Amino acid sequence: MKIRLSGRVFLSWFIIAGLAGLFASPAAAADTIKLGVAGSHSGDLASYGLPTKRAAELVAKEFNAKGGVLGKKVEILSEDDVCKPELATNTATKLVSRGAHVVLGHICSGATKTALGIYKDAGIVTMSSSATNPELTQSGKYPNFFRTIASDDAQAKLDADFAMDVLKVKKIAILHDKGDYGKGLAEFARGFIEASKKAQVVVFEGITPGAVDYSAVVNKIKQSGAEAVIYGGYHPEASSIVIQMRKKKMGTLFISDDGVKDDTFIKVAGKAAEGVYASGPKDTTKNPLAIAAIAANKSTYNTDPGAFFLNGYAAAQALLNAIQKAKSTKYEDIAKALRTYPVDTPLGKIKFDKRGDAIGVGFSMYQVRNGVYVEVPAAAPATAKKKK
Amino acid sequence: MDYFLELFLGGLTRGSIYALIALGYTMVYGIIELINFAHGEIYMIGAFTALIVSSVLAFAGMSGPSVLFLAASVAIIYSAAYGFTVEKIAYKPLRQAPRLSPLISAIGMSIFLQNYVMLAQTSDFLPFPSLLPELPFLEKYGLRIGSSELIILLTTAVSMVLLMLLIKLTKMGKAMRATAQDRNMAMLVGVDVNRTISYTFIIGSVLAAIGGVLIASHIGRINFYIGFIAGIKAFTAAVLGGIGSIPGAVLGAFILGWTESFATGYVSSDYEDVFAFVLLVLILIVRPSGLLGRSTVQKV
Amino acid sequence: MNAFARIRQSLIIALWFMFLTFPVLVVRVNTIEKVVEWRWPNMVYVGIGSFLISFVWRYLLERKAQGGEKEIYPAPATGKPVMQRLMAEPRLYRPFLIALSLFGLAFPFLPFASTYQINIVTNALLYIMLGLGLNIVVGLAGLLHLGYVAFYAVGAYSYALLYYHFGIGFWAALPIGALFAAIFGIILGFPVLRLRGDYLAIVTLGFAEITRLVLENWNGFSFGPSGIAGIPRPGLFGIEMDLHQGTIYIYFLMIALCLFTIFVVNRLQNSRIGRAWVALREDEVACEAMGVDPTMAKLTAFALGSTWAGLAGVIFAAKTTFVNPASFTFLESAMILSIVVLGGMGSIVGVIIGAFILILLPEYLRAFSEYRMLLFGMIMVVMMIFRPQGIIVGIRQIYEFKKTAVKEGSRR
C-alpha cells in the first residue's frame, strides 16, 4: 500500500504482478520424488487439513534421512484447496503441472471427487487420509484412489449397531449437518436401523450449521421421546446440541462420528460432553510407530497431532514405500505395489484392497469419561472388523 | 400445548437475538441507505472480545456477575469502536460515490474482518463460558424456559425501550431522525451529519455487541464465522419488517424467529431457512416495502 | 494543515488503532491450558504501521479530493480519461486489440503456460461471462441482484442431471442449460417486479438461498450435498484428449464463448432494449412516461442475464466434472457482483479487467497463503475508496444529430 493507488497505476501494477506470477512458475525441476499434499490448509476447515500436511513433511524428512526414495530426495508440494470443489480443480492442476508423482489428499470428500478426475487423467496415484465417502472406492470410478481411513458406511453401521445392540435403545433420533459427510453418514445409519427393525428412527432432520441456536430441534427430539441421538457431522454443531440438551436436563444418549471424536469437542462442550459416544479410527496410539510419529510431531512443530494425523502419516509412508517397492514412479507400478506389499505404519501393517480401501483399518467406539475419550468395547459381534 | 409453548419461547429467544442485530442494519440503512455487510462481523468481534476478557479475568481468579459485567462492557466499547472505525475508513469516503460502491466496500470489510480475527486468534471453535447467571427461581417452572432464555428476552426488551427513548427524546435522536428523512435538509438546519452517522454506527454496534455476548454465552461456542450467518438472517428480518423502520426490524425479527422455530418443530429443520425466505418473498409480494416500511411515492 | 498537525493526527490514529487491535491482536487466550499469551510486539507493529499508513492514506485522499473536482466538471473535449479516449479511437485501440488476441491465441503454447496457468485463466474467462451476464441486470438495468449464483447453479445442475439421467452431452446441454436458466430467471422476475432497490436485493438473495437449500436437501432430485461426480468434459468429435490438451481445448472454447458474449452484450447495449434498460436504471417513472414498458424491460433483463449464468454453469460443470451445492453460496454471488462493480458498472472492458483481477489475484496471492483473503478484502475496500466508479467508467453512447449522417443514412 505504499504505491500510489490511482486507478491506472494500480491496474498496470496488477498486470505486471500477474505476468510476474506467470513467469515465476517454476520449470519442471531437479530430480526429486514429488509428493503432492493437497487439502484445507486455511479457512474454517484448516484444522482437518494441517495435521496431514505436517505428517507428510515428517515422513518426507524421515525418508530423506535414510537416503530418499530410489536414491532421490523426497520433495513436498503443498497446495491449499480450502475444501472447496471449485478450488480443488485449480489445486489439482497445479500439482499436476508442478510434476507431482503421487498425491496425498484431498481432505474433504467433495474436493477429492473433483480433483480425482484430474489426477486420473494425469495418471497419478492419490491417497486420502480423511475422505470417507463410500462412493470414492465403491463406485469403481476412481481406480487411482486409495485411502487410509474406513468409509462412512462402515462407521454408520458401527454407530447404528452400537446404539441398537450395546445401548439397546428402541427409539433413535438421527441428525445431520446437511453436509456431504454428515448427511451421508446419517442416511446410512437410517438405512441400517430400518433394515434391522430392532429400533425405530423417530426423527430424521438436518440442522443448519452456524445457526444461532438449536432449541427447536432439541425440543423436537425431546417431544419424540428418542432415547438416543445419532449425529452425523462435525464437532461445532454437536457441542451446541449437546449443551442445549443437557441444559434442558435431557438424558438422551448422544452417539456421533469421527468428526466429533476430536478433543476440541470436549473442550467446547465441557461438562455436557461427559458420556457422549463417538466412533473414531481404531486407537493405535499404543503402536510404537505411532508413538514415534507423535513424538516427532511434538518435537518439530510443538503441537498436538490433530485430526487424521496418523492416517496422513500412514498414507505418506504407504505412498513412498510403494514407489520404493515398485522401483518406478509409473502409475500402474505404484498402484500394483500398493495392493501387493504390506507396509508398517502407525495404523499397523496395512495394504490396500482392489478398490483402494486399506485392509485392517477400522473404527472403534469411544466415550467421553472425565474429559477424555476412552475406548469402549463395541461388544456387538458385527463391529470393528470392517473388511469388506 | 407444552410443545407449542416451548417452540414459541424458542422462537422468541431467537427472534430477540435477530432483533438486536437487525436494529443495526435498519438504523444504518435508514440513515445512509447502505446494507452494512460488515455489521455481522461487529457482532462477532463483540463476542470475541467478551470471550477474551472473561477468560483473562477467570484465569486471574475472578468469577460471578462482575466478570459478566466487565466482559460485556469491554465488548460493547470495542464493538462500538470497531463500528465507528469501519464507518470512517470504508464508508465515509464513499458518501458521494455511486450506490453500489459502499456495498462492495462493505463486503470487502466483512471478508477482511473475518480473516483478521481468524489469523489473529484461531480458526477453531472456542468454548464460550456461560456468563449468564442461573436463576434458581425458574426451576419450578419446569424446563419450559431456561434462565439464559429469560435473560436474553429481558435484556432485549430493556435495550429496545432504551433505544426508543433515545430516538424519541434526546437531541441526538432527533438529529438521527432528521438525517434519515433528508440528509441535505438536515445539514442546512444545522445538524452535524457526520457526527450523527457516527452515532448511528456506534449505537448499532452496541446492540450487536449485546447480542453477541448473549448468544455466545447461550450456545457456548464461537468462531470467526458466526457473524456471517447471523448477519444475513438479521438483514432478512430488517427487510421483512421494512428496512429503515425500527419497530419493523423488531417485528420482522420475531416473525423470522417464530417461523424458523415452528417450521423446525412441526415440519422439518431441513427446510427451516427455506421457510424463512419463502415467507420473506410472500410478504414482500403483498407489501413491497416490508411490513412497517414507508411506501414512498416515486417522483421524477 | 501544517506538518506538526499532521504528525499529531497520525499519532492519534496510531494510538487509536493500537487500542482497537489490542484484544484481538495482542491477547490470545488458551482456554484449555488456561494461559494467556500476550503478544506485545504486535501492538508495536500496529502502532508504527498505522502511523505510516495514515500519512499515505491522507495524501491519497487529498489527491482524490483534488482529482474529484476535475472529474465533476470535465472540460468538454479534452477532459475524457485516457482509457476512454483510447477506446473511442480505433487507430489507438486496434493494434492493442490485435496484440491482445495474438497473445490470447498463443498463450496455451507459451513455455510458462502449464496446465495450472491455463486452468486458472479459463476460470477467469468463465467469470468474465458471469460478470457480463450480471452486468446486464445490474449495470445496464440497474436492478441490484444478489442471487445471480442461483442461475449459475441451474445451468450446472441442468447439465449434470441431463447427463446422469439421459446421457445428454455437453453441446446439447449448453443451450438447454441456458434455456432452463432463462425460464428460471423469468419465474423469479415475476414476483419481484414491484420491488425496488434493496428489497429486490434481499429477495434475489433469498431466492438463491432457497435454490441452494433445495439442492442440498432434496436428495432424490439433486443427490444432496454429496453432489454429482463424473460429468464428462466437452468432447471434440470424439477425439481422446489428455488432461493438458483437454484444458487447452476448454480454454479456447471459453475464449470463443467470451467473444460471443462480448459481441452479444455489446450489440444489446446499443439496441432498443439496451437503451430501455438504461432508461429504466436512470428513472423508472420517467422511463415509463417515455413509453418504455418497465415490466418487459425488467423481465428481459432477468431472462438474458440468467441465460449467461446458465451457459457459464454448464461449462463450470463440464470443467470441474463435479457439482455440489457448496459451490453456489452467497459469497459466489458477492464475488460476481464485485467483479461488475470493481470493473466499472456498465463497461464491458471494466468487467473483463475486474474478472481477471478478482479471480487471478487470490490464485497469485497463494504465495501469501493464509493472508490472501485478508489482502483480498483489504484490496476491495481500498479500490472502492480510491476508485468508487470502478476501474473503467462505462461510457454512455452519445447520439449526435448530424445532417450529413442523415443523408448518408448511417446509424452511428
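The letters A, B and C name the chains in turn, as written, and every chain counts its residues from 1.
Heads up, the rule we're going with is that contacts are C-beta pairs under 8 Å (C-beta built on N, C-alpha and C of every residue); 3 or more make two chains touch, one makes a residue touch a chain.
This one's a predicted model, so the numbers in the text were calculated from it and none came from an experiment.
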Request  = Find me the chain with the mean Cα position closest to the mean of all the protein Cα atoms on display.
outcome  = C
Interface with the most contact pairs, given as the two chains involved = B-C
Request  = Report the inter-chain centroid distance for subunit A and subunit B in whole angstrom, where each centroid is the mean of the CA atoms.
outcome  = 36
Message = Centroid from C-alpha atoms only, then distance subunit A to subunit C, rounded to Å. What do you get?
response = 34
Inquiry  = Using mean CA coordinates as chain centres, what's the gap between subunit B and subunit C in Å?
reply    = 29
Remark   = subunit B touches at least 2 other chains through residues 126-127, 270, 273
Request  = Send over the residues of subunit C in touch with two or more other chains.
outcome  = 31, 217, 370, 373
Remark   = Listed in rising order, subunit A residues that touch 2 or more other chains are 42-43, 178, 206, 267
Request  = Could you pull out which subunit B residues touch subunit A in their complex?
outcome  = 3, 6-7, 10-11, 13-14, 17-18, 123-127, 143, 146, 148-149, 215, 218-221, 223-226, 228-230, 233, 260-262, 264-265, 268-270, 272-273
Task = Mind listing the subunit C positions that touch subunit B in their complex?
result = 16, 19-21, 23-25, 27-29, 31, 34-36, 42, 61, 64, 138, 144, 191, 194-196, 198-199, 201-203, 205-207, 209-210, 213-214, 217, 283-286, 289, 330, 334, 337-338, 341-342, 345, 370-371, 373-374, 376-381, 384-385, 388-389
Residues of subunit C that touch subunit A when the two form their complex = 31-32, 53, 56, 60, 63, 67, 82-83, 111-117, 119-120, 123, 216-217, 219, 224-227, 229-230, 242-243, 246-247, 316, 319-324, 326-327, 353, 356-357, 360-361, 363-364, 366, 369-370, 372-373, 382-383, 386-387, 391
Remark   = Interface with subunit C, subunit B side, in the complex: residues 29, 33, 35, 45, 48-49, 51-53, 55-56, 59, 74, 78, 81-82, 85, 89-90, 93-94, 97-98, 100-105, 107-117, 119-122, 126-127, 232, 235-236, 239, 243, 270-271, 273-274, 277-278, 280-281, 284-285, 288-290, 298-300
Inquiry  = Can you tell me which positions in subunit A touch subunit B when the two form their complex?
reply    = 42-44, 46-47, 178, 205-208, 210-217, 219-220, 223, 235-236, 239-240, 243-244, 247-249, 264, 267-270
